[in-house]
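Going by the order they are written in, the chains are A, B, C and D; count residues from 1 in each one.
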Amino acid sequence: MTVLSISDLKVDIHGNTVLHDIDLTLDPGRILGIVGESGSGKSMTALSVMQLLPSGSNWSGSIRVAGADLSIMGEPALCRMRGRDVGMIFQEPMTALNPVRTIGDQVAETVRIHTGASRREAFSIAREMLNRVGLPEDRFPLDRFPHDLSGGQRQRVVIAQAIALRPKLLIADEPTTALDVTTQAQILDLLKQLVREEDMGLMLITHDLAVVAGLADSIAIMKDGAVVEAGATREIFRAMRHPYTRALFTASAHVPDRGRKPESGKIPVLAVENVVRDYQQPRRNLFVKPPPFRAVDHVSFEISHGENVGLVGESGCGKSTLARSILALDGLQGGDIRLNGHVFSSAGDGPHPELRARMQVVFQDPYGSFNPRHQVRRLVTEPFHLVKNPPRGAELERRIDRALTEVGLSSSDADKYIHEFSGGQRQRIAIARALIIEPALIVLDEAVSALDVSIRAQILDLLAGLSERLDLSYLFISHDLSVVRAITDRVLVMKDGRIVEQGETETVFRNPQHPYTQKLVAATPSLEAALAAPAD
Amino acid sequence: MTAYLLRRLLSLSLSLVAASLVIFLVMEVVPGDPASFMMGLNADPQAVAALRSQLGLDEPLPLRYIGWVAGLLQGDFGISYTYRVPVSELIAERVVISLPLTLYALALSTLIAFPAGILAASRRNSAADLTVMGATQLGVAIPNFWFAMILVLIFAVNLRWFSAGGFPGWEAGFWPAIKALTLPAIALALPQASILARVMRSSLIDTLNEDFMRTARAKGLSRGQALWRHALRNALIPVLTIIGLQFSFLLAGGIIIENVFYLPGLGRLAFQAITQRDLIVVRSVVILLVFAVIVVTFLVDLAYAAADPRLRRRRS
Amino acid sequence: MTKNPIAATAVSLLALGLAFGVTPAMAAKMDVTIGMQLEPPNLDPTGGAAAAIDEVVYANVFEGLTRFGSDGAILPALAESWEISDDGLVYTFKLHTGVKFHDGSDFNADDVKFSLDRARAEGSTNAQKALFADIASVDVVDPATVKVTLSKPNGSFLFNMAWGDAVIVAPETAADNAAKPVGTGPFTLTEWVKGDRVELGRYDGYWGTPVKLDKVTFKFISDPTAAFAAMMAGDLDAYPAFPAPENLVQFEADPRFKVITGSSEGETILAMNNKKPPLDNVKVREAIAHAIDRQAIIDGAMFGYGTPIGTHFAPHNPAYVDLTAQSAYDPEKSKALLAEAGVSDLTLSLKLPPPSYARRGGEIIAAQLREVGINTDITNVEWAQWLDDVFKAKNFDLTIVSHTEPMDIGIYARDDYYFQYGDPDFKAIMADLANATDPAKRTELMQAAQKKIADDYVNAYLFQLARAGVISAKLKGIWLNSPTQANDMTGVYWEE
Amino acid sequence: MSTPPADRSFLRMALGHPAFVLGFLLSALFIALALVSFLWTPFDPTKMDIAGKLKGPSLEHWFGTDHFGRDMFSMIMVGARVSIAVAFVAVGIGMIVGVPLGLYAAARRGSLIDEIIMRGNDLVFAFPSLLLAIMITAVFGPGAVNAIIAIGIFNVPVFARLARGAALSLWTRDFVLAARVAGKSRARISAEHILPNIANLLIVQGTIQFSLAILAEAALAYVGLGAQPPLPSWGRMLADAQTLISLAPHMALFPGFAIIVTVLGLNLMGDGLRDLFDPKLRRGR
């Protein structure tokens, strides 16, 4: 019997159709991957199954969970269904748990609400479930609060409460997107194991083709609120009948064309030597000053003219802190940073403007990188503040025009406000802003991480092209190994504030030396590898 | 967390010291000589001078400040210029009215605000929500002294359900005393309840939008269950701050209401003392109120820690 | 009194019954609650100037050798009788015997000597030290007889001894009278809830005619609205000096209440700073006097309660001369006088103390002065500030105040008094008055004094403050007039 | 044509927000009354007519007359002027002093000056506000100017805190980092990037504070410490009415309604602005 069958589902919110023509089925013990870019309707599909659609929504069609027709169930019946027949896991483990209640309490709640079990029984089931998801009693007693746990651990708690009553259907909405790759691998393994052992059906929603490719038995690709293609995973990837499937696939595996090798021997564009960055920790005791937290620990590296260097590491490894230090936004506790041979430091009034103009930055968040009150013209020309005689009049227009066309926008965009642009376009504007004073080096701090794969591919192409044309160096900071691999010449692997390995990108990824690098490479889901592996 | 509270305590004590200095200096520049006020229109200048030295008003400034603070630390607030009794006695007599009144008003305000705020938040944009919000808008806009006047007109003068004011004393029995505090408490509570209901509502709405509320619903909790079990305690945290602020505000802010109902409370004591230039009473009351505010702030910090386990980290 | 334990139990049971309100409704009410505007700062009439002290304790708690009757007559009090020597210098007081202070100690001539000597001593904080200025010595003849020798004859000595500041206190308790008054009166202090009320209970050891009340409560309600509400709600039985004349109409219409109006000693004046230009010019002062419409002020500020006056003298005094016509309301004349004085664009400060006669009267006067082209700068001040700024520093042009001391025209002779008149001719009149003993001559001098200050337009004389009070219709025996500021409760009772 | 996000169809959205429209109309009504009072009032608000006192509302005197026979409607018009002027200047002081302090504290987060500013704020917050306002007016004497100072002082920490809190979250935003990479000084960033982005918040809070200041002014005037006569003031009109409330209720009702309606209008407008400025709510609409 199928645990989930959806046919002809249509959802609209305040009259806008967000889902249409959705047909899906899922059998026990199987994994159904739902893939799509943001706004494709993946999450809405999950919420339809949970019947937790936002207010003002209407749905039609048929949804059956373990044979029961949701359209004829009232709210009390739905409440009985949720948590008992269907469990759900969310994207953000940091906020998915109630911060003021213990983990045991929250897992036990699922049990108590549905079974009327006593407090003790419920807690013993909760204990069992937490053990099951890899949170053993000795380290994770029931009276722990969510804030005591890391993101991955919290996600395990969420899983524990979703499977506490062994539901027939488990829905996981981007369960690993907010996690580091190594943690992601563990959580995916756990889910897979649970599905097999408990004979549940898992509906796994993700934007990452590589994740589903290695996990899902069947797959549905969504775009603009509709399923464009569905079927067995291998079948889909082999045939790639639908153009969108093809596009998605190519974008995911995209490697921009990069011809030229960097020259070496000259003065490096950026020289980082023995840089140390400490943070003062908050006092726990009134009289004892806590030791400082060392976020960056004696890091040294160089970037040559025209070279693209990647900096990879998981969250908290110190890569963003290092980036801030390199940009002279924070002071250093040791070592020095040189740009074109000149000391680049935040001491005093900061670096000389002319020197500062040699290095620019592009941030991760395309929405937070711009002052929403300024026109693009003003946004992209902000770095001219660093120039003694900034261009005016026609010259200024020419420079704006050039910067915008350089990044694939048109000169008419200069008079628009930032809210009129999509995420990808905003990253282009961010790049234009960095380019406009013709720097030698651009620091790209997770610059493509927030973008959908197809957009990401375009931006990577743009960056590769610019680097080549304008002889630019990049420091490309990312947690995403595949992206770094696609665009950099050399890579630095960072862990706990130190560079544990560095070398030619291809060499490092093919033949990682440091155990940590090995672990990272192994944990990174790979589309190629998944498709190459024999079916299980 | 202990360190956090200790640091709070230290900075609060510093505030207290700074406050005492400010109060003392402000009182020094207040025009009006208490001695000549006490002696009246036809007073003999010699008698006034005699009184000044009797009151210790002719000592140098720093000496008087130190003397005052040293006295405060020992619980000795000095002798009232006008009443000629220890200030601590005066304050004690007034606190037994102001404090119960404050708590009464606070209790009323909470009792009105919580259900109203919860109702409005859980039925957002419904008729009930609009009614509650409209009523609270009005409640915030009504000056409490005007409301008090209207209450007296209706309930004391016309209906004669309550006495128009005054306080029979706790020795007259619990209920008569509570009855005497009822109209003043209502007048004080109305705007506070309105503010609190609004805070409760918006805090609850924020919490209802949190991810963990969706998790709770996904577990099979009904809307009501999710609200009671998961939203309320989280929503309470900002509400606590407001309750703390209101406590301090009510303790001192009853001045006008105490006047309308001629209740011999702290605010009225301070107001009277200002007009009579009984400076020692004024500054003692003000420092006491500042102290109360600081203590309440600290208690709210503690309550925070109780409500929010994130603040009582055990991992060191 | 019998020491019967059973009777005592019965009495206390009865008291308990009273406390729980189970007494039969027929029983006569034995307590009374009186409203007062200001709370006394302390309860020692010999150590403070506040009128509120006397309003609570005068005749009730403390007694002097003599006392005022409700009509202003001087009656014997602790002194049963007295003899005056022919030269008017020696007063021999025969004291009542069997009088006890509230602490149980006996009253005798030593207490009289102590009280009078204390009041006139150097370093005394008695606010009316001048009352005792003429005393040369006080001698105890025997426990029931005291001889007071004056340095010069003083026609008003017995009058002086009736003041609250001249009450007799006991040496053992005198220092603590501020908070724990111990006197010889029919009532004793039972409780003082500061800021709210003073409660007096009947003193069973009283020597004189027993009082008819068990308990008197003075409740301090300064806010006029609260006072009105409290009367209406039945919280108060009487408010002898009701602060809001506007409400009297409503009380008059209500059969539960009786409005009593009497005269007071309060001459309400618009005081002018006689030394400050241009007010040093008598023409300007006259112009101001003519700009004022007294009736409008009485109607507007006092809701009709008050008697217009044309000089600084109480209209109920036989020596009073009605000089109101001399400064009749005449804006045209006022403008002409100002022009004559060469004054234009005049802006004067007007400082108003808290009572409503001043605050409201001030607004009306400001409007009236504006009609003749004088602008005013109104500042509302508290009493403490008024004393500092106006009374002491003389930093004002105009102010409104009611002078409530009896027979106080003498202030015009003081050089440094706040309105700064001190005219030599006037001083001469007052000097003659002090030495005159012949009643006709005295009247003549008093009238001359009244005319002199009216002619000089020292101040603008507005009206005699009415003493308007509200009492429960069944309450009898309350003073109608106020020869001194007091609430004499000794004769008060409830009508059955 | 492009417009900044805040202005885009702002008017249309504002008109579709009934609470805002109502609040705006009510506030505008009183501001208009205040402005008109400079040019015209039905009667001279200081002109007394003792014989015609305490008259109820009539065609001649729309809101009746007071205990001196003055026209209540004219007094309320002029009183609006006083209330609005006092509140406006007091809130202005709070903003002009508080916002730069808050911005400075945020720009130098954790510095000694930040600490001093914030502790100073705490101190002002710890004082019982009404009592301190009464003390201030007792020291400097009653009057509109001192009422402004007394109310203004308590507005400073409100705006300092708000500005600091909002600015702190902006300082972590990428566009501020971008400006720093562009070499701009903290002061310049505060003026160019931080201030415009917290302006909405300040306007909303300003509206709320404005209404609170009107209530505070009324309370001070009620205890006799606001604007001095003959200038009419709502709070003092209420104080005057108090003893007459059972005789001439209109004397208490009309000034009371004036305060309530103005404060209500401002609050509704403030809440409306908050909704309109809040992008979260806007997206949902």
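One rule holds for everything that comes next: contacts are C-beta pairs under 8 Å (C-beta built on N, C-alpha and C of every residue); 3 or more make two chains touch, one makes a residue touch a chain.
Owing to the predicted nature of the structure, the values given are computational and were not obtained by experimental measurement.
The minimum number of touch steps linking subunit A to subunit C comes to 2.
Distance from per-chain Cα centroids to the pooled protein Cα centroid is smallest for B. Two chain pairs are in question, B-C and A-B; the one with more C-beta pairs in contact is B-C. Among the other chains, A has the CA centre that is most remote from the centre of subunit C.
If you average the Cα atoms of subunit B and of subunit C, the two centres end up 39 Å apart. Rounded to whole angstrom, the centroid-to-centroid distance between subunit A and subunit B, based on C-alpha atoms, equals 49 Å.
Each chain gets a centre from the mean of its Cα atoms; for subunit A and subunit D, those two points are 46 Å apart. The multi-chain contact residues of subunit D, meaning those touching 2 or more other chains, are 138, 242, 245-246.
Touching of two or more other chains is recorded for residues 223, 225, 228, 232, 354, 382, 385 of subunit C. Residue numbers of subunit B whose C-beta contacts span two or more other chains: 31, 149, 153, 157, 259, 274-275.
Across the whole structure, chains are in contact as follows: A-B, A-D, B-C, B-D, C-D.
Put simply, subunit C touches subunit B in their complex at residues 39, 41-42, 48-50, 122-130, 178-179, 193-197, 219-223, 225-226, 228-230, 232-235, 354, 382-385, 387-389, 391-392, 405.
In the complex of the two chains, the subunit C residues touching subunit D come out as 223-225, 228, 232, 244, 246-247, 249-250, 296, 299-300, 354, 359-360, 362-364, 366-367, 370, 378-382, 385. On the subunit A side of its complex with subunit D, the touching residues are 324, 327, 329, 350-351, 353, 356-357, 359-361, 363-365, 368-373, 375, 382-383, 385-386, 415-417, 419-420, 430, 433. Across the complex, subunit D meets subunit C through its residues 46-48, 50-51, 53, 67-69, 138, 141-143, 224, 228-230, 242-247.
Those residues of subunit D whose C-beta lies close enough to touch subunit B in the complex are 119, 122-123, 125-132, 134-135, 138-139, 211, 215, 218-219, 222-223, 235, 238, 242, 245-246, 249, 252, 256, 259-261, 263-264, 267-268, 271.
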